[in-house]
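After this come two complexes, each holding chain A, first together with chain B and then together with chain C.
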Partner chain A sequence: MSASQVIFYIIAAIIIGGGILAVTSRKIFRAAVFLLFSLLGIAALYFYLNYEFIAAVQIVVYVGGIVVLIIFSIFLTHASGDEMKKPVLWRSFFAGLAAVFATALTYLYITEHNFVANSAASVSPSVRNIGLQMLSTTEHGYILPFEVVSMLLLAALIGCIVIAIKIKTKE
Partner chain B sequence: MNEIGLTQILFVSTALFFIGVYGFLTRKNMITMLMSIELLLNSVNINFIAFNKFLYADKLDGLFFTVFIITIAAAEAAVAIAIIIHLYRKLKSIDVDDTDIMKF
Partner chain C sequence: MNILLSYSFSSLAAYFHNWLQSIIGNGILLTITELVIVGVVLLVFLILLAFFLGYMERKVAAFMEIRLGPNRVGPKGTLQIVADTVKLLFKEGFTPDAADKFLFNLAPGIIITTALLAVAPIAFARGFQIWDINIGVLYISSISSMAVIGILMAGWSSSNKYSLIGAMRCGAQIVSYELSIGLSLVSIVVLTGSLSLNDIVESQANGWWIFKGHIPVMIAFVVFVIASTAEINRAPFDLVEADQELTGGFNTEYAGMKFAMFLMAEYINLFVVSAVAATIFLGGWMPFHIGGLTGFNHVMDYIPSSVWFFGKTLFIIFIIMQFRWTFPRLRIDQLLNLEWKYLLPISMVNVLLVTLMAIMGWHL
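Right after this comes the complex of A and B.
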């Protein structure tokens, strides 16, 4: 086994182990921390595949943004340290059964399917190429989704403020 | 053991997706359900990046899809947490079983 394979299996173990612990841990704060490890493992997988820009975005947005937001909302809504209720036994049993069988079935199809790689010359996923294509107005440019997603972010920002605002009621 | 290829990475993303499905089905707490949704979205991102790397190395489209999915996931998480905090103020609970005020 080469060093590259060893690194890949360590990353995969971190991703899957962190994911399993994040959905089974009874303490909600620990679940958030295990989710953090899983997301960091995914960023490591992007580094492993030489997609540095996506790895950086993953760390900035997920680890620096979403997980911190989740941890803040846990502090606002829970007394820290108390355990959540155990899930109903038959529900977790059937959900686990469904998950295991679906994973096995999908993996069977993945191994059976013959993926055909495109043999054209590869383009490097550097920040320069990404930026040029994302803001290009030609045929393969992504300027329209870029603008649409900026409108979506503005709408989400205003929506969050409107939903979470505290309305003072007159006594 | 053969070289790390598409199959191994797809197995990781498949396992992560169904771990997220398991969490979504068993959890009753809204914040943990939101965490399961994050796992689902991340497994889809791994798929896009792996296909872009191994099958369509001459294009960057999978990478752009990943960037937009991450953006929309961030917006979705922020709105969901605003709703959860508002519900907590109203009901003093974020359990999905207690959240039935929109029922007739």
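Right after this comes the complex of A and C.
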């Protein structure tokens, strides 16, 4: 096994281990921390594949954004330090069943799918290329999804402001 | 004279690399050996740096308050920090009964790891850098967005009301001030057209951005220094650990070496933000050059690039240390007002101005 494979398996173990611990931990803050490790592992996987930009975005969005948001909501909940009750047996049974079937389905797809190498010339995943592609209006450009996502974010921002705004009541 | 000119950390690093290669030979062993050497050298450097900054902070404080500062242990009090470290080493590593022990002990590790990770892409001298990553600026800002998690973890797991309040304040503060930092970094990225710290330094060969970029870049520099002082929780933005109100904030329950790790992470963060400010706005290791004056530039090249880098970094650290003794601590609502009502709108308009400047080619 080469060094590269060793690194890959270490990263994969961190991702899967973090994910399993996140769903099995009975303290909610610990679950959030294990989720953090899992997401960091995915960022490490992007670094391993030399997708540095995506890796940094993964850290900014998921680790610096989503996990911090989750932790904040845990802070605001009542009795967040207590251990949660053990789940009912039939519920964990069906959850386990769902996990097994999902794994089997994914495994089936991976083994059935023929991975064909892309014949097109490879494009380096530099920030410049990503930016140009994002705003390109040609056939394989991403301008439409980009604009649609920006509209969605704008709507979300305005929604937040509307919820948070204080209307001064006249006395 | 040529030997003097060519002397640099990069040639030293290359010499070591060749020497190791001749002993071990190419292969995985060489890579691992070099990784270990880099890690050990970096840790030793940062510990010495934290010692130095601790001493410097006390001396700057004394200077601002017209007193002497530490002057008993060692010549001019230089060994004071060593004595303090020994004291911390002998203290009991205490964990409160009600604490979540796993998270309580993990938090200092997370904080120091994020601090160390952010050092990787910084160029200490010409061609002397741990990791020449092509998204350097984005990498540093993404890593520093992780620091808040360690503080939240420390504050929550102590199961102490004061710690929790400190952690909550910290979350609000770091998440908001990150925006201004990002926008002021974007203004230089727009002018350079690259996220790599090396490219940004190279682009300042004919003058540093703070001089080339006119007033908008100066505004960005001021915003960056203010916002990064808040990001690393230093006074006047130290509500996170405000000792008079919160008896120490998120690190109240920590003692001994765990507390020392928080302290060291604080100094490493101070070094990182100052080094980034020096690299982005003041040219990093690039000597003071004026476009067109070849003779003058040549004279400046005789000063080694590492001296330039550390000189600029220490200058910015000195400025940030002076803030602590100049301004009173802000209240939490004033802190958030400062960011959302002043710094953020200013830096947003500023980014537009810089973009206009870059498009029209008004910068030098």
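Keep in mind that, in the parts below, the second predicted complex is superposed on the first by the 151 of 171 C-alpha atoms of A that agree within 3 Å, B and C clash if a C-alpha of one lies under 4 Å from a C-alpha of the other, contacts with A are read in each partner's own complex, and residues count from 1 in each chain.
Here is the rule we use: contacts are C-beta pairs under 8 Å (C-beta built on N, C-alpha and C of every residue); 3 or more make two chains touch, one makes a residue touch a chain.
Everything numeric here is computed off the predicted structure, so don't read it as measured data.
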Superpose on chain A as described above, then tell me if chain B and chain C fit or clash. fit
Contact breadth on chain A, by residue count: chain C or chain B: B
What is the contact status of A:Val68 with respect to chain B (first) and chain C (second): first, second, both, or neither? second
Which holds for A:Lys85: it touches chain B only (first), chain C only (second), both, or neither? first
Just checking: does A:Ala56 make contact with chain B only, chain C only, both, or neither of them? Give me first, second, both or neither. second
Scan A:Ser38 for contacts with chain B and chain C and give back first, second, both or neither. first
A:Thr111 contacts which: chain B (first), chain C (second), both, neither? first
Classify the contacts of A:Val123 with the two partner chains as first (chain B alone), second (chain C alone), both, or neither. first
For A:Thr169, decide between first (touching chain B), second (touching chain C), both and neither. neither
Which partner does A:Thr138 reach: the first (chain B), the second (chain C), both, or neither? neither
For chain B against chain C after superposition, the smallest C-alpha distance in Å amounts to 14
Both chain B and chain C touch chain A at residues 53, 57, 65, 74
Listed in rising order, the residues of chain C that touch chain A in the complex are 28, 31, 100, 102-103, 106, 133-135, 138-139, 141-143, 145-146, 148-149, 152-153, 156-157, 159, 164, 167-168, 171, 175, 178, 195
Considering only the defined contacts, which chain A positions touch chain B in the complex? 1, 4-5, 8, 12, 15-16, 19-20, 22-24, 28, 31-32, 35, 38-39, 42, 45-46, 49-51, 53-54, 57-58, 61-62, 65-66, 69-70, 73-74, 76-77, 84-85, 87, 91-92, 95-96, 98-100, 102-103, 106-107, 110-111, 115-118, 120-123, 125, 129-130, 133-134, 140, 142, 145, 149, 152-153, 156-157, 159-160, 163-164, 166
Which chain B residues qualify as touching chain A in the complex? 1, 3-4, 6-12, 14-16, 18-23, 25-29, 31-32, 34-36, 38-39, 42, 45-46, 49-50, 52-61, 63-64, 66-68, 70-79, 81-86, 88-89, 94
Touching residues on chain A, where the partner in the complex is chain C: 3, 27, 29-30, 33, 36, 52-53, 56-57, 59-60, 63-65, 67-68, 71-72, 74-75, 81, 126-127
